[in-house]
Structures are given as structure tokens and as C-alpha cells.
Amino acid sequence: MQPILSLDGVAKSYGGVKALTSGALDLYCGQVTALLGENGAGKSTLVKIITGIVHADGGTITLDGKPVVIESAEHARSLGISAIFQEPVVFDALTVAENIFITGRPLKGRSVDWPTMMRRSREILAELDPSIDPAMVLGRLSVAQRHLVQIARALSNDARIVIMDEPTAALSHREAEELFAITRRLRDEGRAILFISHKFEEVFALCDRYAVFRDGAGVGQGTLQGMSSERLITLMVGRPVDQVFPKQVVAIGEEVLRVEALGRCLEYENVSFDVRRGEILGVYGLIGAGRSEVMHALFGTAPAETGRIVLNGETVSIRSAQQAIAHGIGLVPEDRQRQGAHLRLAIGDNITLPSLGRTTRGGFLSARREREQAAPLAEQLGVKMSGLRQRVEDLSGGNQQKVVIAKWLATAPRVLILDEPTKGIDVGAKAQVHRLMGELAAKGVAIIMVSSELPEVLGMADRIMVMRRGLVQGIVPRSEATPERIVKMATDA
Amino acid sequence: AGARGAGRPVRIAIVAKSLGNGFFNAVHLGGDQAAAAIASAGGNRIEVIFTGPTNTAAENQIDVINALIAQHVDAIAISANDPDALVPSCKRAMQRGIKVMAYDSSVAKEGRILYLADATDQQAGDACLDLAADACSGHGKVAILSATATSTNQNSWIAAMKADLPKHPGLDLVTVVYGDDLSDKSYREATALLQKYPDLAVIIAPSTVAITAAAKAVDDAGKTGKVFVTGLGLPSECAGAVEKGTIKSFAIWNPVDIGYAVVEIANTLVAGKGGPGSSITAGKLGPIAFDADGNGTLGKPTTYDKSDIAAAAKLF
Amino acid sequence: MPESFLRLLRTREAGLLGLNLLLLAAIAPFFPAFLRPGSLAGLLDDTALLILLALGEMLVLLTRGVDLSIAANLAFTGMVVALLDQYHPGLGLAPVLILSVLMGAALGAVNGLLVWRLRIPSIVVTLGTLSIYRGAVYLASGGRWVNSNQMSPQFLAFVRLQLGGVSMLSWIAIACAVLVALFLRRSVRGRDLYAAGNNPSAALYAGIDVGVMQFSAFLIAGAIAGLCGYLWVSRYAVAYTDVASGFELQVIAACVIGGVSISGGVGSVAGVVLGALFLGIIKNALPLVGVSPFFQMAVSGVVITGAVLINARGTQASALRILERRPA
Amino acid sequence: MSDVSLSARSKARVTRRPWHALVRWETLLVLAILVDFAINAHASPYFLDPWTLSDVTVSVAEKAVVALAMAFLVMAGEIDISVGGIIALASVSMGLVARAGLPLPLVVASGIATGLLAGCVNGALVTIGRVPSIVATIGTMTLFRGIAYAVLGDGVLKTYPPGFAWLGQGSVAGPVSFELVLFVALAAVAIVLRHATAFGRRVVATGSNPEASRMSGIATDRLRFALFVAVGTAAGLASVLLTSRLGSTRPSIAQGWELEIITMVILGGVAIEGGIGTIPGVVLAAILMGLVTFGLGLLNVPGIVMSVVTGTMLIVVVAVPAALRRYGGGRQ
């Protein structure tokens, strides 16, 4: 069989950064191909090239056996290529219908045909989520619904080639399953699908073929039959990696933090739980279950309206991040780029920012003390950098996440909240983050880990709290946690 | 002035309220004429520096004076945008040996040696009221559309008009409004006057921006012949409205003469002669008397109407 | 459709319309003649230039930019066409109109190119061109004024032409509003403009060239400002260096009161027109109602500040509902 | 620009030096200052006179004082258009206090306090009212000046206590004016604040990512509020100097200053979108603008033509590095 799309020796550099050196990939009709690779391996860059958003510096792209140069996003669309990108491509101020048809709006003459756009949007949404009104402004949708709109967009133009760049990174189990069903249907209709993910169980459950990238180069592709995740990982990183979550056994101490009946209008109510020294409390739920909101209440950045927070036996009032930090609470937020890191500041400046009080004297900066504070942490976390003065912007996603974690470790927290700490980072970096959580717990830090990845929660947490639509469904000890039970609690009323 | 080397011309700076105003261009013209006259009569060689800010802000005029001080000019003649704000810099100029005089619009007494007024406030006020009475045959409602609320000479003319009102019992002054010397604001204020006082007879606008804007507003409202505009303005700018009949007649002093007198007087000051309480001969214009406060007056304003506007409009 | 009608009632535009009507109602007892058709036409006439400029500014604001140079562009173009008319009074109106639009567009294109090709923030670019264009008026005219008697009759008459009780100037503003509304609602490029301003990084993935959108916005804003240059000079029958000085901030205020978001992607033609009318009513009513001239600016300041404050309240994102609705 | 030819890798390393960006921008400004100095000295025989040079500072020191504070505000991602209005209002309040016969320190204090209060209004609109700062201050610009007009009308206030004139007109030693000394002192304080304190770090952090800064325990609203107050206070101080220099108060003073002050800040290399900027750059930009406008003034070039020069300077200074970055092969 001949591949519908074939890339060979594709290269791309940004300034001096070589994102791709020799990308190679074949896509076949009626097959789902998984694209694997560490963070920064060049997967998303390849997607951007195929969809005409950036232009390759070299290499050949063959479509239907004929070489093509993909000029623009418009051109790619006309060639029958559509994509769900890694970055959310959503327009809050526009209607759902416009978001779906943001490229290729239906036209009548030269003017936008609104009635047709609405009708077709309603048709496409009918099978995804009929509760979404195409005339609604997108900003009013929930997170999961926004994902659906992007999926609807990829379906809207009847593409022959559908690319999905980490579509499940922010999806929960149930939503991911829905997406897989759709993907299988598309495959059975004879379309070629490229599926990018860091989650091996998904890859094995869904895909027919694989392609692996390492450091911007294609290092192998073929059929998934007979492949094991170990072999794939070896291909990806060039060495075997311990993929199992290294859960350390830690003696659990006294209660550090307890919340009682926290509530906030429209968002959550009656949330109660506690966390102890050395314990990792996993918080699981579907996207939009209100977990992040509760974490922001603990951290003071969106205080709860009712209930109380008890820290080391004393009721405390936390109404700002400063107060939270003063109480020894740290939060690694979910949105790394917007809430976590200062991309344009240096790594060192990022790490010392929440703990500036410790490195300054009388308000004056000391370069030496800052270095003494930041350097060991950066090293301990294995941040790949050229120096503390490098800007965070220049780092890969995983390394950015390590910087954000380092900046909270610098405050020496007694309670550390990690909201989706491994979202979108590769296996190697993930394992490091997990090992670090274990070490912190061993040192007596109480950890709250919000995650949408079931294996991560099951592997790391001592107890698992499950939330659904702003309510706590229950707290399950590690010994009693099974995947089925957790998923059922998260999804069923 | 002592720093002036042999053979160097006397440099007299004429500072306008704002550049681009036809009135001051005519002043400049008169200044150049005087310089030529003095030189050909065997007097000093004179270089006239004509400068000013682009808008009527006092601070910008201060920057101009500072630049002139730095150039060590011999004399500065200024038409002030603000009588008080300019005092410190004018004082500084005088400390550095520069003769400072004001013309057209004065600097407070301590900021200049002499002030050459275009006409007395009384004369200007009288002229405006007489013209207004003339336009409406002595009976009717009158409104004043002035420049900015802070402009010195406009305010003193308005005061003079108010004082003179009893002489014209038929005139009823209904209000004073300000167009800020902006044509759009003046136009809007004039339109508002027409709406608010449907039986208004005359708009007195003692500023060239205001008089042209008011004439335009009256014309656009289709009230030409019913409401008359008068006041002080430049012939070149009022010519159109006079032809149309929106303005029957208006007054203005001769800026060319002012410029001429300014240079003659400044030249006299630079020579170390003249001062408050003296009389200075301004060349062909004859002697001008300055009182003990240093105030002198050039003469009465001239009135223009349809008969002589065309000729005057060519001049300034 | 009662439901969509209700939805319409709750929009910002409806609120603004209500506010405008309220304002008129408040003025009526002081000065009933203000509500006469003739006066209202005069109000529209007086606000037309603000409406036109605000329409252009809105396009720029939609793409997350700001154009501080439109008033200077207006002054420059206005001076150039006034000089053209003065020295070639026989040319007629068409060359004047064409030149004003083209020249305005060219000045706008300079802004647009700097923003698009060099990615310089628009506020920096237009702060610079604001000074340059304003200075160019002076250089072009030598600081001179061009007065009404130096303008040809047809140059002056066009904006004053009355059609159905409304001036040509007002008709131009109305036509322009309709055109911009159609452009924004119906054309692909118009919709792309919203998308580019709403989320520039996402627009990139949707194949929308954000830079081209910014350029287009500046180009159109410039063309409108150029046209306004002629309209202004002709309406007030005078051209000089300081024409419309500082007007850009009023234009931005009109947009913001009209609900255009300074952070891009949000705003409607109806809102902008109502926002401009709001300012226009205040400007025209204050002298009539007999507010002391010295208090007029303070009153405008209070009203503008109040309006933007109320507007900011309206745009604050409300919390997402997570909890399920329960039967009461 | 020689670094264009460097390989991207070594370039990346070079840009990491904290002082590197500073050196590049500031050298550009220093060069421009030297060039303009030479041109001025060449074009006007009066330029190289200590008293003339002292006059250069007069036209620029008042704006530069505000620019120092404004630089912090812009670095924090906000802007204040209302400074001209604040200066007018502060001047009116000083005039009233002086007319009431109160002593010099109270007159000065009332000017500064008015600026401070006006800054509080702006700060409250932005941090509590959640109005974008450019929008809020366009409103208060009219409001502040409007209040000045409402209070003073067509009046003038010119009875100031003895000694008041010295602040804006007096000199400390020979041609060294008090305004200059004050500006130098404030610039020194600003440099330390920006580059050597936690406060400066927090300002830049807030400008570069407000949300992440709030999450890092920076009281961003309080910081922004403080910066608006600082700008207001600086405007109050500038009003003291200007009023003293004018010897009188009218509501129309300092019209259009906001744009000149912001131009100074941007010319100094402060990024309008926040997060980037140095104080030495702003100081150099102030000197450059003072020299250029004064030099042109010496040649009797009208102010409006100077604005063409400053406008061009602003665009060129920002456009040249941008063009080099974009077309000279650097990364985007």
C-alpha cells in the first residue's frame, strides 16, 4: 500500500534552534499512526509544517505520490488536511459556530453565510455534545466543551488526513474514550490519522502504526504489532528508562492541613479533606470538576466563601498568595505559561521570585545569595540549561515545569499543591517529577497532587479524593483504589 | 547688549503668540520694513528674528524665550500668551542684558520694560460695541464668543464692553462663551448660541478664530441677514464672510504698523535710550508716549466693511 | 421571537441606547428645543466626524492595536487637500475626495507596515507618527492658515448638502457605519479581524495572518481619517496646524464607552456609534443647559470616567458554573 | 550591529548577560547624545556655554522627573495618560494654599499631596475598578484638568510665598540648577530601586506576567496601586517645579506633556508591553530629548518641527533593532 502522505528528511530551525533535522513519517489511509518522542523531539513542529503554518527549511513532502509544497494553512486545508493542535486554538469572544468554521467559513457569494454555518455546526455538534448551542459565545463553555469544539472543527471539513497533537493531554478517561470512538470511526471511514501522545496505554489501545522522533530526527517507524512500550521508549530516548512510578514508602505523620466544608458560589461546596506529613493526596476528576478552584482556595488566589482551613491545628485565613506562602503552602499551577513561569525572565529570577524575602536583605538584592538559593535546586531537578541567566522561554516544556517546581521548593513549603504536574511532559521528565514528589514526601512535606491521569494518581497517591461537578465524591485509600472504582466515582452521579 | 561685537547686527526677536497666524506674519512684515528703513537711514544694521510656539501655550513660549536668551539676542518683543507665567523667564532675559518689551498682549509689568498696546482696552471695547450697535440698529440681544477664558486682552476688552453697555441702552448682552481659539469648539459654541437664543441679533467675537467660526456657524444655520457677526479679525480671514454679508463690518488694528513700531522701539531700547515715562519716535509713525508704567498705545483700531475689505485682505 | 428579543435587550448596545435616551430625557426639561428634529440633525452632524474616526479606531482596537495618529493624519490630509483646493480651485470635488482617502490610507499604511513587518507595538508607532504627521502639517503649510475665503465654493458646499433634512456629512457617517458593519459581519476578512484580535496566537493556527489583519485595520483607519481630513476642513472652513489636536483621545473614549475592548476582539459598530453619540450629546448639551464653561470639562471628565468604570464592571468574567443546578 | 553575524548559539549566550541588553540600548543612546552634542556645538556658537547647558536641563527636568516614575509603571505593564491633568490640578491646589497665606512647606506639600491623591484615584480605578489603565487615565486626564478649570475658571493664582520661586528657577551652585540636582538625586534613587531591590524585581515580574506574579506571592494590585501613586506624586513634584518656574498657576499648564513623557520612557528602552526596561536608559533618553529640542530651539526651529524630530527618533530607535532582529537573521 502506498502512503497518502509521506515526509522525508524534513528540517526546520528557529533562528539557531534546530527543531527538526530529518523528520520522516508515512501516513496510510484507514490507519492511525502514533507519533512518539520526548519533549522537544520536534513532533509539534512537524504538525505545523504539515498544516502549512510554518515552512520547512528542507526535505520533501509527498501527497498521493506527488511532491507538494504546503504554502499556507489555507492550502493545507484545501489539500484535505485538518488538525487539532497542541495549543488550544479557541476564540473566546466568537460564537461556537465561528470557532468550528474559523477556517473555511461557508460563503454565499463573497459574504459569510451565517445560517448555513449555524446549521452545519449544529449537525456536527449533535454527535459530540448536543447541549452546545452553536450561537453561544465560546467563552461561556466549560473546558471539556471547548475541547469538543476543537474536535468538531477537525471534523468540519471532511479532511482525508486528521492530525491530533496530544488531544488527550487535558482530557479525562471518559472524554478520552469518546474521542477514541470518534477516531476509530474516522479511521474506518478510510481517513489517515496521526495521533501524538505521551501515554502508551492510549497508543496501544488506538493505534495501528508508530513513528518515533528523537532530537528532531525520525528514528524508526512501522507497525505497532509486536512492539512493546519498553522498545518504544528505548527508541525515543536512546536508552531504557524506568517507566514505573517510583512510589516511595513513607511513614505518614500527623495532620498538617484540614479543610472543612469549603464552598464558593457556583463552583464547589462542602469540600472537606485533610492531608498529613509525608502523604500524597491525589485529587482526581474530570476536567472542569472544580479541583483547580479548590486548590486556588487553599492558596488564597480565589478564596472560598464558606468553610474553614485548619493548618497545624489552627484555623487560618488565607486570602492571598503571600499569606499562603507565609503559611508554608506552595502551588504549582496548572497553566504553566500563564500562571507558572515568567517566560521572559531568567531561570534564576524565576526560582527566587516567591522567596525573594529570603535572598534579599532590607529589600536589596544579592546576586550571590540568589545563586546560592537557585543553583542547587536547578541541579537537583536536573533542569537542562546553559545557566541560571538563561531565559525560561528558551527551555522545553518539561524543563519549564521543573523551573516552576523549583521555585516552590525554594520556599520550603510544608504543604505543596501540584496541579497537573506532568501535563504534556515526556516520560523522562515525568519520572523525574514523580521521583521528586517521593523525596519531598519522605522529607515530611504534605503533597496534594491534582491529576487527570489515572495511572499517575493510582501510582503515586496514598489516598485519592475524587471530585465531580464541584462536589467531593469520596476519598479512597490506596489499598482500596481500583481504576474502575475511581472512574465510576468521577463520572456517575 | 555690551557683548555685541563690532559689526555684528542688532538682533531683535519678535515672538508671536503662535506661528502661522496671519496677524503675526504681518507684524513680522512691518518689523522687516522698519529694519530696512533704519539701515537705509544710516542707523544700526538690524536682524529681525521672528519666532514663537506653534500653539498658544505659555510653557512653549518660555522655551522659545530660553532659546533666545541662549542666543544672546539684543532685544525680545513678545506678544504674551500668559501675562504672569512669562515673567520669570523675561526677568531672566533682562538680567542677562536683553531688552524685553511686549506688544499686542502684555507681560506683567515686572517682566518687561515697555508695552506697546495695539489700542487701549477702552478703544477696542468701544469699537466692538459700536459695531454691534451698528449691525442691529441699536436694538437686540448680543452675545460674546471669546477665545480662551484665560486670554488677557480678550478679557480686558470684554470688561470694557461691559462697562460701556449703558451707553447703548438698546443692546442686551445675554452671555459670554469661550471657543478656546479652536475652530471646532468656537463653531459649536456659536451654534449653541443660535439655538439657545433664537432671537439673537449679534455675536461679538473679539478673536480672529472666533469671528470666522461664528460667521461660518451663522451662515450654515441659514441665519445670514438675521444674525450678524462682528468683532476683531483679520481682513484676509473675514473677507469671505463680509462678501456674504454675515459680517457687516469688523475692526482690527494694523499689524504692519505694530511690527514697524516694535522694531523701532526695541532698537531705541538696545541703544540704551527710552524707557517708561519717555516718548519714543517710531520712525514714520511718529512719537509714541509711554507712561510711568511703560504702557504706550499705537492707535485706534480701523473698521473694515464691504467697501474696503478686498484691498485690506491682500495685505494681511 | 421573544427570546432573541430579550437577548437583544440585555446587550451592551441596548444599555447604551437606553443611556443615550436617558441623557436626552434629562436635557429635555432644561431645553426642550434640543429634541426638535432640526436640533437632532445638528447633533448628528456635529458628531459625524467623531463617529467616522471612531469606526476606524475600532478596527485597530479590534486587532489589539491603538492608533494615536488619526487626528494628526486628519490634520495633515485636511491641510493638503485645502492647499490643493486653494491653488487649483477649478479641479472640483472628485480629486479632493480621492486624494484625501488615498493620502489618509497611505499614512495609515505607514503605521500598519511598522506594526506588521517590524512588530513594533502600535502605541509606540503611532506615538511617533502622531508627532511626525502633526509636524508635517506645519511643514506643508509653512504654518499658514487656509481660510474659508480661500476655499472654493464646491469644496465648502459638499458637506453642507442637505438630503432629507440631514447633512451630507451625516450621510457619509451613516454610510460608513453601514459599510464597516457589513465588512465586519459579512466578509471573511472582517471575521478574521475579530479572530486575530481575540486570540492572535490561535489565529496563527487557523491560518489567519495577524500582521496582515493589523495592517488592514490601520489602512482602513487611515483612509477614514484622511476622508475626515477633508470633511473637517470643509465643515469648519479652516485648516491650520492644530486642527483636531488631542481629538484621538476623544475618539478612543467613544470606542471604549461603546464597548470596544482595548484588549482586542470585542466591539460592534452599533456600540461605537452609540458611544460617539453619547459624547456628542454631552458636548452639545453642556453649553445649552447653561453649565458654566469652566465646569464643562469637569463634567465630561466625570461622565467619561464613570462610563468606563461601569463598562469595566460589565465586562468582568463571571465564574463558570461547575456545581449542578439543583431543584430549589 | 556586529552581533548579527555571531552564531545563534553564542548570541543566545551573550543575551543571557544581565547587563548586555542594557549595554546595547544605552550605547545607542549615548552615541546619539554625543552626535547631537557635536551637531549642536557646531551649529550654534552659543551652545557650549555653561549657562546654556544649564538651560537645557530646565526644559526637560520636570518631564524627566515624571518619566522616572512612569518608567516603573510602564515596566509593570500599565500606563498613565493623565499626568498633564495631575500637574494642572496640583498647581491649582498649591495656588489656593498659597493664596490662603500658608507657608512655603505647606504649599509644596499640597502640590505633592494632590498628585498623590490623583495617583490614588488612578490606582483605584485600575486595581479596584478593573479598568484598563490607558482607558482609565484617558478619563481622569479630562477629569483632573476639568476640576482645575472648575476651581480656577479664568482666574490666575500668582501669590506665592517668598522662596517658592527658587525651586524652579534657583540654582544650587553657579549654573547647576536645583531642578537638575533634584533630578539627578531622584534618578539615583530610581536606579537603585529598579536594579538593586526586590521591589524592582517585582515590578518587572509583574509586567512580564501579571498572573504568574500574583501566583508567586507578589501583591500585584498593591504594587500597581503604589506605582500609580508614585507617578501621581512625581507629577505633583513636577507641578511644584513648573509652577515655581512659571510663578503662576493656570488650569491650562502642562498640556500634552503625557505624550512627551511616554516618548521619553519608550526612547529609554522600556518596552511598552511591560517587563523590560532600565532606568539609565530613561535618564539618557531624557538627556537626548533635552539636547535635541534645545539645540533645535537655538536655531529657532519651531517646536512643531522638533516634534517631527522626536517622533522620527522614537520610531527609528525602536525600528532599527526590530528590523535587524527580523531581517538580520536573529530568532523571532
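Read from first to last, the chains carry the letters A, B, C and D; within each, the first residue is number 1.
The criterion applied here is as follows: a contact is a pair of C-beta atoms (placed from the backbone, for glycine too) under 8 Å apart; a residue touches a chain by one contact, two chains touch by 3 or more.
Predicted model, so just to flag it, every value in this text is computed and none were measured.
Among the chain pairings, C-D comes first (most C-beta pairs in contact).
With chains reduced to the mean position of their C-alpha atoms, the one farthest from chain D is A.
Note on chain placement: the centre of chain A and the centre of chain B lie 74 Å apart, centres being C-alpha means. With each centre defined as the average position of its C-alpha atoms, the distance from chain B to chain C rounds to 36 Å.
The mean-CA centres of chain C and chain D are about 29 angstrom from one another, to the nearest whole unit.
Between the Cα centres of chain A and chain C there is a gap of 43 Å. Across the assembly, chain A contributes no residue in contact with two or more other chains.
Contacts with at least two other chains are made by residues 138, 143, 241, 294 of chain C.
Shared contact sites, meaning residues of chain D that touch two or more other chains, fall at 149, 153-154, 256, 302, 304. Chains that are in contact with each other form these pairs: A-C, A-D, B-C, B-D, C-D.
Across the complex, chain C is touched by residues 51-53, 72-74, 76-77, 83, 85, 87-94, 98, 102-103, 105, 107, 110-112, 139, 142, 264-269, 288-290, 293, 469-471 of chain A. Within the complex formed with chain A, the residues of chain C that make contact are 182, 185-188, 191, 194-195, 198-199, 201-208, 261, 265-266, 317, 319-324. Put simply, chain C touches chain B in their complex at residues 31, 33-34, 39, 42, 46, 138, 141-145, 147-149, 160, 232, 235-238, 240-245, 283-284, 287-288, 293-294. Residues 14-17, 299, 301, 320-322, 324-325, 331, 333, 338-346, 349, 353-354, 356-357, 360, 363-365, 386-387, 389-391, 394, 407 of chain A are the ones that touch chain D when the two sit in their complex.
Taken in their complex, chain D has these residues touching chain C: 81, 125, 129-132, 134-136, 138-147, 149-150, 152-154, 256, 259, 262-263, 266, 271-273, 302, 304-308, 310-312, 314-315, 318-319, 322-323, 326.
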